[in-house]
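In the two assemblies presented below, chain A is common to both, partnered first by chain B and then by chain C.
Showing the complex of A and B:
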């Protein structure tokens, strides 16, 4: 084969692989959108074209679920949980990087070690803690355990390594207290790191399933993820209705991701250039 | 009374002592330069004065008041950092007014002060820009402006020019000297560049390994160094050091440079000498001339033509020590294998085996 032909074959192979990957990642969304317009019978048959059951599906979803309430529950947990996680975990990451102490690396190692503990192992003690504090079936029980996130602390400490120490020195000479340095210098300088962390934590909170499933017991406190899952696990699930719920559950994360895509990429690369 | 005084200042990290007892008085309006090789503690000492590092022992006073435990913002100092340390998310105007804003100064007064500093440094057209949109030299001027706005008793500069290219560095050096003249404020300046030290300083403090080797005017340090380290550090190219021996010549002592026949009668020195004592003779490259009382022949290793002058790096026969001599560029040296240079014995400085000056 001539080198030119070889190059063409290589590029064709590359496109083939990329197309396959694109198909695999996009098809579920496509299937979800198509499914929302079809009846359960059609979906079960494997129909992949637009149907005419969209309004019927929407109507049955709205009839089955208190849509504003569950959306509000999800938004509340995701937004407050994310804001608190970013505040507390970034403060910890900042502290770990800025303050020298003999114990620093040991404490940090313990924090990182908690990343290795699977959630399933924490579930029961956590549940007992929440039960003894009377927090079962409240949203606080969902938000509290995630605020100090070892991963986000780690992420912020790594990002803080690029934060110029001389900025902190300059701010001290300008008369700022430590909390003012954090708030007025660190946070704005690291804003793309915050944006990336926001996307990650928001998605984790929004999609959180297992822990809310255990803690949230009444219909009034449930999140959209729980409701969609419970619709899908009925004896005879109405897939058309489930797809409406799935779309509703997916849209906010898509919106957050696309709205912050640029900052997300920049934050992953590092805030400080 | 001294504007700033250091008495027995020490800094220890655990068992490691990095500043080993510094005593220094800095007069009002004086431009003092801390100079020394990397790791000599000059930046640490500056950061201790600024309050960015704790003082392990000793007393720091600024304007007569003890400042050891005082917050950096209340010491009456302002600092210009090597990386400029401008807040990247704020405009030039906000950067310069930042300290005043946190001190609760009214907005109109901040504006007035910022405009005044901007006028001095010709920064007016840049006030609404962010640091990322400025060149290195402009950022440096903003950093200085931020310091001026605070009206400090003492300016601290931590290697402020080392991130600039050579041409800009010379320009900014000149700007800083002009600024000092205009403001008349006490300034402390840290650098490892002895040319910056020589050109800017009223007083140079040479540091090595956490102690002051010598403090004095640039002229003193150049002409009358206390020890071999200072003699070698100040002056460019550096001083030549040649092994030598004290010999007796009649009732007097004389010096014999290793490998040379000629004896140099020594003037009456206060130090006690003994015959056979090994010493080091120091001779600056610029001490060599076309004429002098002693002539040496150099086997040329390399010539560096600098335009106005030529540096001759050559071996002294028969010891093989390489010395550097400055020659007039008008002397046509190119292509010569041997060059004769002359010096006056009176220009030789003597150091004992520990490097201390023999006077």
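Showing the complex of A and C:
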């Protein structure tokens, strides 16, 4: 076989594999959108073409769920939770990198160790803490435990290694205090890191399921993920309606990701070049 | 350690914005209920609540729905952590899991014997919520089983409805062979990795994986042996159209691929949804095992209401359940008509909805029949490891079909189960 032919075969194979991967990742979304326009009976039959039940599905979803309230609950938790997590965890990452000492390295090791504790093991003690603080069935109880995220602290510390210490020294000579350096020098320089962390944390918060499920107790505080799960668990679920819910639950994360795609990729590569 | 400090800081910050984020406060005489199906038990409990509020205006209800697995997860977490403030007043628990909760968390649920007249309910529903002679809970929907069959296919094969009354499983297999020979349709369908059929036949034989005291009883268990052998015979005779998953299973009998199905009464609505098959269906009692104590009645699924002992509204919650679920016959007619729910209160059968003949089933008095069988379902102890045993049974059933002696299969099931539940 000539080298040219080989190259062609290679690229054909590559396209084939990529197409397969693209199909596998896009098809569920496609089917979700199609499903939203079909009746449950059609969905069960495996119909993959557009149907005419979209407005009926939307109507039954709106009738079953207080949509604005539930979306507001999810948005509130995701936005407040993300903002606080970024602030607190990036401060910690900055601190660990800028003020190194033996003791701090040990503390950092402990922080990293918490990454290895599965959430299931923390759940019950955490639940007792929240209950004794009277925070059960509040959104604060969902946001609080996620603010100091070991993973995000780790992420910021690693990214901070590329932050030029000279910048900090120069700012010090110019008379800036530490919090000013953090706020006016570090944050703008690291903005792609923040953007990438924002995408990750926002998605974690938005899709968070187990902990909100344990903490939230009433229909009025539930998030969109909980509502969709409860609709889908009926003995005979109305899949058309469930699909409307999953679309609503998916759109914000898609939107955030596409809006920040460029910064996300940059951030993953490192803010400082 | 580090995490804890952050949390401490967070708590203080949290208090500052508590006003912004706090949920609605609880009302004095509000009863909170957890359950899981918006179209079924949630809707039914809302109806029950409205009825009670009419006569007791001081009591209101907050029915919260989560996914079924989530109700269990939340209940488990709150009970395990001893956080009673996070529990509802009433919770719905699936019958197969009832003993697990009652025995794992003694004192967590309020006994209701003496306050509720349990003699009015199907005995098996009361047995599954009894621990040490005390009855906890209010029996709710039943999964009493029936043999749903296609009149047209059976007739084509030369069988009349009477030919399906009071038959054994062996006779059912003979009929199945004749039906397939004449119509080309398989007699029934089954999800082979689902333990449902084993449970149905076993309970109809007055047995379970556990004895009356809840001890593992697999070896020398005549009912379980009968259930396994019956299924192996059906598979060997080629009577079963195998289904992969629930949707496939439902499709097999709603699309006319099979001539009959043995399952819980709750499938009635699904069958009746096929309007073009009206008049073509019939129901009969399920076939019987040829062992002493076996009957033509069994159960698959079902759930019941439980009042938490820690509830501040405990007395009101019990009174509510008692007034509606143990006394209000009209309520049972309404939930049967609107939601297809068959309750466990025997007296409900005297109501108008229960007496109706159904043209879809060729004029059979469907609900009277199910109500007859409901009272005959053998009362067994579901024990606390039914799911584990299901896994062991489905894993070992193929060996029986391949010709392994049944006692050896029972021993294998027993050994696997002992490993899992020790």
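Basically, the second predicted complex is superposed on the first by the 273 of 273 C-alpha atoms of A that agree within 3 Å, B and C clash if a C-alpha of one lies under 4 Å from a C-alpha of the other, contacts with A are read in each partner's own complex, and residues count from 1 in each chain.
By definition in this document, a contact is a pair of C-beta atoms (placed from the backbone, for glycine too) under 8 Å apart; a residue touches a chain by one contact, two chains touch by 3 or more.
Computed from a prediction, not measured in an experiment: that's the story for all the values here.
Aligning the shared chain A places chain B and chain C next to each other free of steric conflict. Using the contact criterion defined above for the overlaid structures, shared-chain residue A:231 touches chain C, although it does not reach chain B. Once the two complexes are laid over each other on the shared chain, residue contacts for A:174 go to chain B alone; chain C is not touched. By the touch criterion stated above, A:144 is placed in contact with chain C alone, chain B being left untouched. Counting the residues of chain A touched by each of chain B and chain C gives the higher count for C.
By the touch criterion stated above, A:136 is placed in contact with chain C alone, chain B being left untouched. When the two complexes are overlaid on their common chain A, residue A:185 makes contact with chain B while staying clear of chain C.
Of the two partner chains, neither chain B nor chain C is touched by A:19. Using the contact criterion defined above for the overlaid structures, shared-chain residue A:166 touches chain B, although it does not reach chain C. Shortest separation of chain B and chain C in the overlay equals 27 Å (C-alpha atoms, whole Å). Remark: chain A residues 164, 166-167, 169-176, 180, 185, 188-189, 191, 272 touch chain B in the complex. Put simply, chain A touches chain C in their complex at residues 44, 64, 76, 84, 88, 92, 107, 110-111, 114, 123-125, 127-129, 131, 133, 135-140, 143-145, 147-148, 150, 210, 213-214, 217-221, 226, 229-236, 238.
Contact residues on chain C toward chain A in their complex (touch as defined above): 1-3, 6-7, 10-11, 14, 17-18, 21-24, 32, 36-40, 62, 64-70, 73-74, 77-78, 80-83, 85-86, 88, 247, 250-251, 266, 269-270.
By the touch rule above, chain B contacts chain A in their complex via residues 47, 50-52, 71-74, 77-79, 81-83, 85-89, 98-99, 102-103, 146.
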